[in-house]
Structures are given as C-alpha cells and as structure tokens.
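Next up: some structures, all given as structure tokens.
Presented sequentially are two complexes of chain A, the first with chain B as partner and the second with chain C.
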Partner chain A sequence: MSATIFLQALLSGLTNGAIYALIAVGLTLVFGVMRVVNFAHGEFLMLAMYGGYLAWAHLGVDPVIAVALVVPVLLALGVGLFESLIRPAMKVPEINQMAVTLGLSLLLQYLALMAFKADNLLIVQDRSTASVWIGPVLLQMPHAIAAGAAAVLLLGLYLIMRKTDFGLIMRAVSQSHDGAALSGIDIGRTYRWAMGIGVGTLGVAGPLMASVLYVNPHIGTLFTLKAFVIVIVGGMGSFGGVLLGALLVGVAESVAGVLTTASVAAAVPFALLILVMLVRPEGLLPVGGGARA
Partner chain B sequence: MKRFLPALVPAALAAALFGICLGDPYFMDIFILTALMGTIAVAWNLMAGFTGLISLGHSLFFGIGAYVVAYGHVGFGLGPLLTWPLAAALAAAVALVIGLLCFRYGLRGYFFAIATLAFSEVAFLLVSATPWLGRSDGMMMPTEDDAARYLQFMEKWPYGLIVLAFLTATLLVGQHFASSRAGSYWRAIRDNEGAAEALGVPVMRYKLLAFVVSAVLTAVGGAFFASTFSFVDPRSTLGVDLSIQLLVFSIIGGLGLLWGPLLGAALLIPLGEVLRTAMSGFTGVNIVAYSVLLMVMALMLPHGLGGLLKTRLPRPRLGARTAFRQEDAAR
Partner chain C sequence: MTGITRRDALLLGGAAMAAPGLFSFGASAQGGTLKIGVLVPLTGTHASDGARMLKAHQLAAKMINDTGGLKGLGGAKVELVVSDIQSKPEVSRSEAERLISREGVSALTGAWASSSTIPAAQVADRNRTPFMVTSAVTDAITEQGLKYVFRTAVKAKWFGQYVADFMDDMKKKGMAIDKVALATEDGPAGQSVHANYASVMPGRGYPVVADETFRTGSPDFSTVATKLRTSGADAVLSVAYADDSTVLLRALASQSYRPLYIGFGGAHVNQTVAASGKPAERTFGVVEWAPDLRKPASEAFVKAFAESYPGEVPLSNQAQAFAATYALALAADAAASTDRNKIRDALRTLRIKDGPASLLPAPELYFDEQGQAPATCVIVQVIDGKFVTVWPDAVAARPPAPLQG
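This part shows the complex of A and B:
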C-alpha cells in the first residue's frame, strides 16, 4: 500500500468517523442518562435521511438548510418515543426493554418500506461531485460538509454538557438517579430531554448523510450496530469515548477496505468491539473509571 | 416421570398437530418451520428466561450447525450421522470459548447481548466472504443416490417426524435441567448473581453450562435446517433476524416457562403465514402487525401468554403455587 493510498484511506476514515460520532453520541447520551439501549436508534436516522431527501426532492431545500426543518421533527419524535414507549419500558425487565425497542426498529423499517418502497435514494446536487485537494489526498464535498457539521455539533454538545446547568443535570442523573432525585432534579423531565436530544442529533446527521449515502428503509440497522460498537469501544455514556471510538472504527474500516474485501472490512468494527470487550470491557475512555454493566 | 410432565404435554400436543398436518404438504411445511423455530427458541430461553443471559447472537450456533452439515456434505460427502454430532461438538466448543471470554469480565445484560451479536455478525460477514463456503450465495447440497442416508426424502413428513423428535428431546433436556440442581442455580443467578455467588453457587460453571446446552441444541436445529432444505446461505442461517425471532417468540410465549417460546412460535409463525397470504398486496404488513404485537406484549404482559395461561390453570399442589408466586414476585 503506497503512502498516498494510505493517507486517502486515513482521511476518508476520519471523515466517516466524524459522521459516526454524530450518530453514536445520541445513543450514548440516552444510555448514560437512562440506562436504556435504543435498538431503534438507526431507524430514527433513516427517518431523518428520508426527511432530508424529501425536503430536497419535493421542496428543493438544500440539505444543509433541511437540517433546521428535520431537527425539530426528530426532537419531537424522541420526546414522543420516551412518553409512549420508553417510560413504560423502564418499569419492565431489561429483556422486555430490548423487545420493545427491537419491535420499534422492525415497525419503523416496514412502515418506511410501505411508504417509500425499497428504492435507494440519494440527494444529487452540483456540489455532490465537487471535491477539494488536501495535499495529495482528495476530500469529497458532501463528506466534508457532513464531517464539518459533525465536528461543530459535537463541540456544541460538549460545551452544553460541561458548561451549562442543563448539562450538569444530565451528568448528575447519569451518575446517580437517586442522588439527583434527592437534590431536587426532576428525573422524568431529564429523561424526556435526554431522549429528545439523543434522537434530535440524528436530525442533523440524517439530511447531510442523505447526500453521502443512499437511503433505503433498512439502512438504519447498519448504523444501530455501528453506533453500538462505537459506544462500547469508547465507553458507554462517555462523550470523549464516542469521538475516539468513532474515529477508530471509521479509520479501521476504511484502512481494512483498502487491504481486504468489503465483506471482511465490514467485520472489522465488530472484531474491534470483541477485542475491546474482552480486554477493556469498560471501554477505552470510561466514565468515572469504568462501571461495568 | 411426573417431573417431565411440563415437557411431555407440549410434546404430545405437537405430535397431535403433526398428525393433523400429515395429509397436506403445505401444512406440513408450516409445522416443520414452527416446530424447528419453537424448539430453538426453547433452547435460547434456557439461557434468557432461566439464567438471565440474553444472547442476540444465537444465529451463530444455528449457522455452525447448518454450515457443518452443508460443508461436510459438499466438501467431503459426509452424511448427517457424522456431521450432526460434529456440528454439536463445534457449537459446544465455540460457546465455551465465547462464554469464557464474556463471563470472565462479567458481561451482563445489554453488554452480553451486544457482545454475542458482534460474534454472530463477524461470522455472518466472514462466511459471506469465504469462497469455499459459497459466499453470500450459499451452498446447495447435491441429491445423492442413497438419499435416505443423507436424510433426503421426497416427502415432507419424515422431516416432520425428525423435528418432532428434536422438539421432544429438547423439552426433555430442558425439563431435566430446569427441575434439577442446575435449574435452581440458573434461577438464582438470574435473580441475583451476586447473592448466588455469595451463597456458593459456582456461577461461572453454571452460566457456561446454560450457554453450552443452549448452543448445542441450537446447532442441532441448524443441522436439521441444512438437511431438510439441502441449502444454506448466510442470511437465513447466520443473520441477526434469526436471533431476534427467538427473543420475539420467547417474549410472546412467556420467558419464565420451558414451553413458553414454543407457544410463541406456534402462534406467530402460522399467524405470519396467514397475514402474508391474506395481505399479499402489501409487503411487510405481517411484520408491522408482528412488531406492534411484540411491543404491546413486552410492555403489558411481561410473562407472556404462557404466563397468563399458567395463572389460569388449576394448581393442585400448594407448594408449587407458592413457588410460582415467589418466582413471579422476583421477576
């Protein structure tokens, strides 16, 4: 492998990684605060991608602007999801929780299949084929925009979590539900917001990704699995861990794609997950020194 | 004999259904599929419902069973007499290794579920890329001259008979463990692993036992699948969908009961068939109905239909009644 090919793989791995981080951060936020894993996370991304595609195809809205339309919808969907399914699910055993979100994942996939058919759809604009040279390597415009937006959003979320009272409340609840409740924090309200933001971040990712990757009703599953990998590799509930995990997964995948076949490369993130779970099950950058499940 | 009643009654019911389906190849097909999936779900539930270990990677063991039989046949001309035990042994070894790795760090709940899912995904993707396993196109097993030795029959009913035997054996094995010391240990681990360990339950050994027993039974199911359809491919034998189905059947039928998952499969698979044929114009209507049912059941009826049924049944022995209530309260 020549140095240029390696650099190219590294760059596309990093941009993919930034997008993955944007997808996984919502999952880790919800897990950190509520201790619930949402198996339908990727399906909400799928809906956001369709939202971006439809806004472009029918209203002629640029995907970057469509973000402003899709985010409120996803935020509302997240709050609705919490009120309708997750709140009651938190009272039943873990296995029933899994069944609920797995059921939702199937439901959304097949509703989308009935509504949008199984066609692969992609936003194609003038800038879709544009690209910029960074030294010897090439960066495609839609990827650059998505990765840039991911970086901005992650930074914003990080500042919110670290610097505001709202972030303090979120962190308090994820450290100890009882302690937070005793300090006068409204736990139910915090859950609702965590779920709203956790799903709402997908509203940023969706429209931008619809110009990077074909959207079809089953695309979500792939990203749910990848988000799991990232979140566990990085450390469940950990913010920095998501970024590290996402970049690692993105780069590993893209370098493996150069070295081997596509199918083997697709297995690389899972191999990475297994490795991390066995050697460091709390993740690479765990919250508070690593709490095991 | 009496302690095997919870295994023998469902097995007898299944045998009666087999008799009813004998005349019609279409019904026999549905019976075979239902009995196979129900039996594997019972095996899965030995881990989930009895030991509290939720695996989302059981398709790995089903796939091991199916691919050992298929590759043994295509590559070496081996018959089921040799490949079925080989499949079971390989599944046991793989379960042992994965179990040792996962339990060493006490992976539980969501983490164990996702770790097992990762193992099965790796297997799915690697098999899809392996030329001598037919990649994602799968492998067709050729028809042999001495067909019966390869379990190749023209009729459907011999397969029905085999799956009936498999179902009965699985229920008996399950009931044997559930009503012995191992079963008590499993439930103790499920309800409070720390307390069980403190009381001297060899947690590691009994979790591994549950994993290996469950994996072996699942692999036999996969072996049966390969022998029946003479065809294996990654999507139908190693895919995540298969693992999720096992969870669905168990939730609907009832996790706390040996025969619960069987009940779930017996309701959902024929129902899915009916919906699929009745609504053939709309792809996916059956899955929409199925997933809504799953969500509602998981929230409203955590013990499943089997649990509901069981509380309605007359319970002659006082001891058993309090035992069930306690189990109820613990979950």
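This part shows the complex of A and C:
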C-alpha cells in the first residue's frame, strides 16, 4: 500500500467518522437523558434526507440552507414522537419500549415506500463532484461540508450542555431521574426536549447526507446499527464518546478496507464493539468519567 | 394472493398419492386455455422487481389472447396462474409444487432471483413440467442436466466475453485499452460476476491491475476511487447496485478520472444512474436488453408496454419475462397440445426469428439441449443523461460517443 493511499484512507475514515458522529449524537443524547433506545433513529434520518431532497427539488433550496428548514420539522417530529409514543412507553418495561421503536422504524420505512417509491433520488449540483486537494489526497466537497457541520453541531451541543441552565437540567436528569425530580425539575418536559433535540440533530444530518449519498426509504438502516455501535463504544450518553467512537469506527473501517477486503472491513466496527465490551464495558469515554456530557 | 391452508395441503397430498395419474392427465384436458404458472416475488425484499416482472408476463398473455389466442390449440387463450413466492426460496419450491399438482399448469415460468429459481426449477424437472427461467443468471441452472428447464436469460459467465468483445471493438476504433480495473460489490451477485471478469480478462489481453471490492451503502468511495485512478487502468469494470454506482461515479469524477467505465446489468442500467449528471455521462453498461434496441419486435414491445402501463418504460428483465411467456405459448401452439411433455419437446425444436417473442438482442431465440437460449447482451452508454444502445452495431441505436465531450 502506497503512502498516498494510506493517507487517503485515513482522511476518508476521519470524514466518514465525522458523518457518523453527526448521526449518532442525537441517539446518545436520547439514551443518556431518557434511557430509551430509539431504533427508529435511522428512519428519522431518512425523513430528514427526504426533507433535504424535496427542498432542493421543489423549492430550489441548497441543502446547506435546507438545514434551517428541516431542523424545526425534525424537532417537532421528535417532540411529537415523545408525546405520542415514548411517554406512554416509558411506563412499560424496556423490552416493550424497544418493540415500540422497532415497530415505528418499520412503519416509517413502509410509509416512505408508499409516499416516495423505492427508487433512489439524487441531489445533483456542481458541488456534487467538486473536491479539495490536501497535498496528495482529496476530500469531496459534499463530504467536507457534512464533516464541518458535524464539528459545529457537536461543539454547539457541548457548549449548550456545559454552559446553560438547560444543559444543567439535562445533565441532572441524565445522572439521576429521582434526584432531579426531587430538586423540582420537570422530568417530562426535560424528556420532551431531549427527544426533540435528539431527533432534531438529524435535521442537520439529513439534507447534508442527501447530497453526499442518495435517498431511498431504506437508507436509514444503513446507519442505525453503526450509530449504535458508536454510541456503545464511546460510552452511552457521552458526547466526547460519540466523537471518539465515530472517528475510531470511521478510520478503522476505512484503513481495514485498504488492507483487506470490504467484507472484512464491514466487520471491523463490530469487532471493535466486542473488544471494547470485553476490556472497557462502560465505553471509552463513559458519562461518569472525565468527559461527562 | 394464493394461500393454501394446511388442510388443503393434506387433502392434496392424499389425493396425489391415491391417484398419481390424475394430475398429469388433468394438464392436457382443460378445453380452451393454456395454463402457465407464474412464480414471482410480490412481497418481501424483491417485491418491486416481482411486480415489474408480472406486468411483462401479463402483457405477453394479453397480446396473445387479443390476437386470437393459440391457433394450434383451436384459439385457446393463455391463462396465467400467478403465485407470490414472497422473495423466499422455500416458498418458491412449495408454490411450484402447488401450481403443478393442484392448479394443473402446463408449464411454469419465473422466479426472478437465482436463489428462488433453482429450487422451483428442480421441482418442475422432477414433476416433468417445463420451467422457463426468466432472469436468473447463475450458470448451473442450465448446466446440471435438467430435462425440463429452459432459460431466456444470459449465463453469468458469458458477460465477461461480451465485455471483452466490446472492448476489442473499441480498440479497433482507436481507443487505448491496455489495462483494466475491477470494482465490485462484495455480495453474491458482485462476486460471481467478479470471478468471471477476473478469469476472462487476462486471457483476452486485458491484465487486471486493480481489484477493489466495496460494501453496499458505503458513504464514501474516495479511497476506492484513488486506488482505481493510481492503478493506471484504462477501463473500470464495475458490479454495483444503482445506489453505489452513483456514489462511485461521483468519487471518480471528483478525482477527474474518466476511464472507460462499464457498469453491470439491470441494477446499473437504471435511470437514477443516468440522472446523476456529469459523473455518469458517457459511461457504459452491459445489459441483456434495452428499450431503444433497433429490432421490430423490441420496438413493438416498448410501444405495447407503454399503452398497457402508461408512462412506463420496460427494463431488461421485463423483456426476458415477456419472451419467456411468449416462448412457452408458442411451444404449446406448435405442439398443438397442453401436455407438459409435448410442450417440452416443442421447446427443443422451437426457433423464433420474428414475431413478438424475438425482442431479445440475439438474432434467433431457441433452446439448446441444456435448455439454454443463445442470449446475448448489448452495451448501452449514457448520452445526454439517457442510456442509449451503442453496441453491437446490428441493434445499436447509434455508435458509441467519445468518452470526453
């Protein structure tokens, strides 16, 4: 393997990792605050991608600007999801909660199939094939934009969590539901906003991912499993963990793809997951550790 | 759509054991109709493909019936007995059994994927019922000595030869093609074609200088593209679903690498690929049939299809399904019988040079001793955002356009 190809794999891995982080951060927020595993996370990403596509195709809105339109929609969907399904589901055993979100994921896929058909939809812009050369290696423009957005989003969420009262409340609920309730925090309201923001982050990811890839009703499933791996590897509920886990998964996959075959590379994130579970079951940067979300 | 209860199955099994002759005689005594069993996945992962295939089967039956039915059978109509195989090999097997023993069909056709086709073909052969394979490309289907199995589709291992023939032709026309690179998805479809390309190309004077696999749904192909570009290959042969094709083509374009790109089969020759704009422009695809094929039967099929299904343009596998249904009906017509054995014998001697069933690109449709049709492929190229047939010359809508332009 030449140095150029290794550097290219490394850069691609880091970009992919940033994109994965963009998707996984909402999942970890919901899990950290509410202890709810949302299997329909990927389907909300799919809806956000359709949102980005529709804004581009029918309103002529650039995907970067479409983020501003899609985020409020996803935020509302997240709040709606909590009020309609998750709030009642929180009173039942966790296994039932999982069944609810799993069922929702399938339902959304089939509804999308009915509404949009199975064919891929593409956002085609001049930018689609533009690229930035960094020395001998290159970064495709849509990927660079998505990775940049991931960095901004993660930093923004981190600041909100650390510097605002709202973040303080989230962290309090995340540490102890009962303790937070005793201090007079409205748990239901906090949950609603956690779900809203958790799903709302996909409003950033969706339009940008739609210009990187394509949109079809099943595209969410490509990312759901990987997002779970990242969240668990990083430490459930931890922002720093998501970033670290995502970059690790992205780079490991990409470099393994160069060294071996694609099939082996696809197994790498899961091997990584097993390894972390064996050696450090709480995740690499757990919430209780130094880098608390 | 065609459920069978357990009680029915038991009754049926009992009846079949008690009177084994009953059902085979039943097949030849249906007065006025030729029953053809159609195995298609209408639910499950291949649901959209199955629904497409069914439209083509139905169009063939409709065209035969609308033009006076089968003369050899006194104007008998074609009746399709449609069965949903649920995208599952085991359902395909049991439905094949049910159609043969319970519905008394004279012949079967289907069943989209190779994995569902193989078990159904074995059932048909065991029950001495002709089975016309529509679209499955696995070599073995017509290589294991099955006496009642026929196929309109191409064998997987022939694709490499067509692609090499095409490249030879392009070389004669002055294009420099000395080295090729392979880029294939790591699933069964990708890997079986990959094995074929990898074994054929070096022997035809095209050394393989890069051999990349990738996983369906990868968000980033820039590393694969870098490896293909730095290998110095003049041609890239890919096997990918339309999803990955678009992402790969973008990655190649963003590196300003414009080789002779040949995508594979119906999965690639899909309007979503052509619609991806600049990256796909002037790239090629190898496919069993294309709607712009210059052949009277093909043109008539596209027209009839558009009339029956407004706004729809048929795909390659639909043309195969159409030819498959038609060939079975023509065989029954020639045999002047709905008897399974007589239809099988007629299929062996059938030679179709014109008429609606001659829409596939090969000059003649017939079936050799193994039941395999001499199917060929065409090469299509994206020109101004649309796939256009450019090779072979006999059926091409226009000559290939230069790669840059």
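By definition in this document, the second predicted complex is superposed on the first by the 288 of 293 C-alpha atoms of A that agree within 3 Å, B and C clash if a C-alpha of one lies under 4 Å from a C-alpha of the other, contacts with A are read in each partner's own complex, and residues count from 1 in each chain.
What we mean here is this: a residue touches a chain if its C-beta (ideal position, glycine included) is under 8 Å from a C-beta of that chain, and two chains touch if they have at least 3 such contacts.
Bear in mind that the values here come from a model prediction, so they are computed numbers and not experimental data.
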| item | value |
| --- | --- |
| First (chain B), second (chain C), both or neither touched by A:L213 | second |
| Touched partner set for A:S263, first chain B, second chain C, both or neither | both |
| Touched partner set for A:V92, first chain B, second chain C, both or neither | first |
| First (chain B), second (chain C), both or neither touched by A:I232 | first |
| Partner chain in contact with A:A115 - chain B first, chain C second, else both or neither | neither |
| Chain B versus chain C as contact partner of A:G103, first or second or both or neither | first |
| First (chain B), second (chain C), both or neither touched by A:L182 | neither |
| Contacts of A:T129 with chain B and chain C, given as first, second, both or neither | second |
| Common interface residues of chain A - those touching chain B in one complex and chain C in the other | 261, 263, 266 |
| In the complex, chain C residues that touch chain A | 48, 185-186, 212-215, 217-220, 222-224, 226-227, 230, 242-243, 246-247, 250-251, 253-255, 272, 275-279 |
| Residues of chain A defined as touching chain B within the complex | 37, 85, 88-89, 92-100, 102-104, 106-107, 109-111, 113-114, 221, 225, 228-229, 232, 236, 261, 263-264, 266-267, 270-271, 273-274, 277-278, 281, 292-293 |
| Residue numbers on chain B that touch chain A, as the complex places them | 48, 54, 56, 101-102, 104-115, 117-119, 121-122, 125-126, 128-129, 135-136, 240, 244, 247-248, 251, 255, 282-285, 287-288, 290-292, 294-295, 297-299, 302, 331 |
| In the complex, chain A residues that touch chain C | 2, 4-5, 8-9, 11-12, 15-16, 19, 118-122, 124, 128-131, 137-141, 143, 209, 212-214, 216, 219, 222, 254, 257-258, 261-263, 265-266 |
